[in-house]
Every structure is written in structure tokens, then in C-alpha cells.
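Multiple structures are listed underneath, in C-alpha cells.
Common to both upcoming complexes is chain A, partnered first by chain B, then by chain C.
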Partner chain A sequence: MGTLMIGILTRPYGSSNWNFVINLAKAAIEKGHKVKIWCSGDATYILKKKQKEFARKYHYEPKIKELIEKGVEIVGCESCHLMRGISEEDFIEGITSKPMTWFFENLLKADKVLFIGEE
Partner chain B sequence: MTFAILIHSLNFDPEIFERLNLEDMRIVLVQDGVYHATIENSPIFNKNAKIYVLEEDLIARGIKKEEIKKDIEIINYSKLVDLIMQEFDKIVWY
Partner chain C sequence: MAKKVFILVKTNVKEEVPYLGVDHAMGAMATLIGEEEFEATVAFVGSGVLNCIKGQKFLDIYNVESIEDVIKLALGSDVKIYICKEDMEKYKISEDSLVDAKDMGIEATIEVKSWNEIQEEMKKADYVFFF
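Let's turn to the complex of A and B:
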């Protein structure tokens, strides 16, 4: 088994990239791999708790919680979330904030890396 | 080295794509990129690359297996994880 690092910059709403990331992370963790997701840029908006569901569209919070329960490590870029006025108290439980150095360290340690940019 | 390109949209810059030439190239069609699997003269067929298409995204778009062109392999997320972890050396989101 290996470690898959997924980095993502895409905003959660208005793009399907997060659907892909969530499904891929779920499939990988269920196969016994370690999975880390690094959220930077507008992707940090997905870290916020109290997301409201509107007609079952793009409601990510429960899916993110499920990944965390399954053991996926989800990390927010410290400068990116603070820049957007999002503090760690706003985070869905289990998500952590780390500086960019964490990303580079874990990038080099990962077996495979997939980075998804902005839409 | 196995280089995998994950194509996630219908319209991408064919010029840049044209310049991507590697010995062992793989193309994985995901999200709206799956439409390329139904288009006869899509630029993806100009490459000497094995092509995969993600089943979950075909179903989400109502695309039937019979509409898929040439010998494109239909895979699911579980198989994609195996390809990423066991076969692909480098992966690009395109």
C-alpha cells in the first residue's frame, strides 16, 4: 500500500473537481492506502463547518466528515484560509491547518501526487 | 516512465496537448472529459496513448457504453486508484 497526496486549489462550488477528489480519496482509503488532501486557495472554503444544504446540491460537509472518519488527512493551507477570514475554529472537526512547508515535506514523502488547479 | 493525463473538461487547449509526447502516455477521461470518448475526431485519438474513461462520470452524463469510440477501457474509481498507485509515475490534471 502507498500514500496518495492530493493537492487542490479549486473552489468547492461551481466545479465538479471536488466530487472527483472525494470519490478518489474514498476509493483509495478503502483500498488501504494512506490519503492526504492539501486544500489551498479557494479550496479552503470547503473546510468550513455549518455548510447549509440546498436541494441536495453540492453539499460537501457530510462527505468531508465521512472521509475524515475513514482516516483521510485533510489539511488547510494556513495562509490561504486566514487570508479568506477563515479561522481554525471555523473548521469541520478533524481538519487541521498547516503552513506551506507541511505540503512540500509531505509531497516529497508521498508515493503518488495529483495536483488539481483552479477551474 | 508512465505519464498519465487526467482530462476533466470538454474544451482544452489542443496546441499544448499536441506538444505532450511521451513514450508511455496514458489518458484518463473524467468529469466532462468523458465526452471525448464519444467524439470521432477528438484530439485524444491523435496520441499513441492507452485511453481510459471513468464509468461513474459516463453514468452521471447518461452516456452509454455503445457510444464509446475505439478501444477505450471503461474503469471505475477503484481501478483508477490501482492505476495511480501501481502504474502511473507522473499524473497531470488537464
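Let's turn to the complex of A and C:
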């Protein structure tokens, strides 16, 4: 079994990229792989708890919680989330904050890397 | 042997994303695990070439650092910076209008590369990221 590292920049609401990332991460971890997700830029908005659900709209918080429960490691870029006024107290439980070097340190340990940049 | 990280920036100067691209390159250069290290290259293509024009006034007008400031830091951190020749021509950008860091005593400059040369460099990289 391997380790999949996913980096993502895009905002959670207004883009379907996160839907793809969540589905991919879930599929990989259910097959027994390790999965790590690095959130940078506007992607850090997904780290926030108390996201409100609206009918027939994307709603990510329960899916993020499910990934964490399954063992996916989700990490926010420290400067990116702090810049947006999102503190670690605002995070969904289980998410951590790290500097950018965490991403590159874990890149070296990963078997596969997928980076989703700007659309 | 260092792992090669290649970052392609196609978003233009008004966005946060080019800053993140250059920041990730500097993050790579700052990462060292045992004997493992990275070499980072950033290539500006498409409207991303607009990031490389010197004389940006972000600090004067908005009181924030410009991508010019960040590119200078990257040049001083041994990040290789490329700009796409064809896109420079499209946007009528001359070589003497490109950001440099001579005022910081840094000799490294932005290198003008054809799109074919940039693609060849991408092929040699261990990791390619699109910003």
C-alpha cells in the first residue's frame, strides 16, 4: 500500500475540485492507502467548522469529518489560513496547521502526488 | 541528488496564486530532510508573464508586497525563474523590463526560455505543479 499526497489551492464553494479530491481521498483510503491533503490559498476555507448546509448544494464539513475518521491527514497552510482570519480554533476537529515545509517534507515520503492548482 | 520541483504559473499579477507559486518554490528550497533536498524552478507563462515586469507599486498604492518583491527573494534563494519568450512577445514585454534583484546584490536573473525549452525542463522534473 502506498501514500497519496494531494495538494489543492482552489476554494471549496464555487468549484467542484473539492468534490473530486474528497471522492479520490475516500476511495484511496478505503483501498488501504495512506492519504494526506495539503490545503493552500483559498482551499483553507474548507478547514472551517460550522459550514451551513443548503438543499442541493455542496456541503463539505460532514465529508471532511468522515475522511478524518477514516484516517486521512488534512493539513492547512499556516500563513494562508491565518491571513484569512481562520484560526486553529475554527478548524474542524482533527485538522492541523503546518508551514509550507511540511508539504515538501511529506512530498518526499509520498508514493504519488497530485496537485490541483488554479483552474 | 536534489529532487526537481517545477512550478508553472499562468495566473496574472492581480491574483494571489502567483505569490503562492513562488512561495511554494521557496518552501521547497527551505526543505531539507537528511540528505534529501529540492531544486525549485518557477516558469511564468501565458498572462503569468505580467508578474515579471519590474517597477510594481503595490507597496505604495496598497501597502502590500508585490510579486516583484517575492520574485527578488526567490532569485536570492536560488530558485530558477523562467519566463516564456513567446508570451513575452505576445504581451510586448522587453527583456530590460523584467524584474531583477541587482539592488539586493543578487546576480541571478529571470531567464527567457522558449515554450519548447520550458516543456523540456518540465519533463526533467520530479514534481510539476500548476499555479
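One rule holds in what follows: the second predicted complex is superposed on the first by the 118 of 119 C-alpha atoms of A that agree within 3 Å, B and C clash if a C-alpha of one lies under 4 Å from a C-alpha of the other, contacts with A are read in each partner's own complex, and residues count from 1 in each chain.
We adopt the following convention: contacts are C-beta pairs under 8 Å (C-beta built on N, C-alpha and C of every residue); 3 or more make two chains touch, one makes a residue touch a chain.
In this text, all values refer to a predicted model and were calculated from it rather than measured experimentally.
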{"item": "Side-by-side fit of chain B and chain C on chain A, or clash", "value": "fit"}
{"item": "First (chain B), second (chain C), both or neither touched by A:41", "value": "second"}
{"item": "Superposed arrangement, angle subtended at the Cα centre of chain A by chain B and chain C, nearest 10 degrees", "value": "70"}
{"item": "Partner chain in contact with A:12 - chain B first, chain C second, else both or neither", "value": "neither"}
{"item": "Partner chain(s) touched by A:24 [first = chain B, second = chain C, both, neither]", "value": "first"}
{"item": "Contacts of A:105 with chain B and chain C, given as first, second, both or neither", "value": "second"}
{"item": "First, second, both or neither for A:118, with chain B first and chain C second", "value": "second"}
{"item": "Which of chain B and chain C A:76 touches, first, second, both or neither", "value": "neither"}
{"item": "After fitting on chain A: smallest Cα gap, chain B-chain C, Å", "value": "7"}
{"item": "Chain A residues contacted in one complex by chain B, in the other by chain C", "value": "113, 115, 117"}
{"item": "Chain A contact footprint on chain B (complex, rising order)", "value": "6, 8, 30-32, 56, 76-78, 80-82, 84-85, 88, 91, 93"}
{"item": "Contact footprint of chain C on chain A as seen in their complex", "value": "7, 9, 40-42, 80, 99-101, 103-105, 107-108, 113, 115, 117-118"}
{"item": "List of chain A residues in touch with chain B within their complex", "value": "1-2, 4, 16-17, 19-20, 23-24, 26-28, 30-31, 33, 111-117"}
{"item": "Parts of chain C lying in touch with chain A, wherever the complex brings them together", "value": "3, 5, 10-11, 15-17, 20-21, 23-24, 27-28, 30-31, 33, 36, 38, 127, 129-131"}
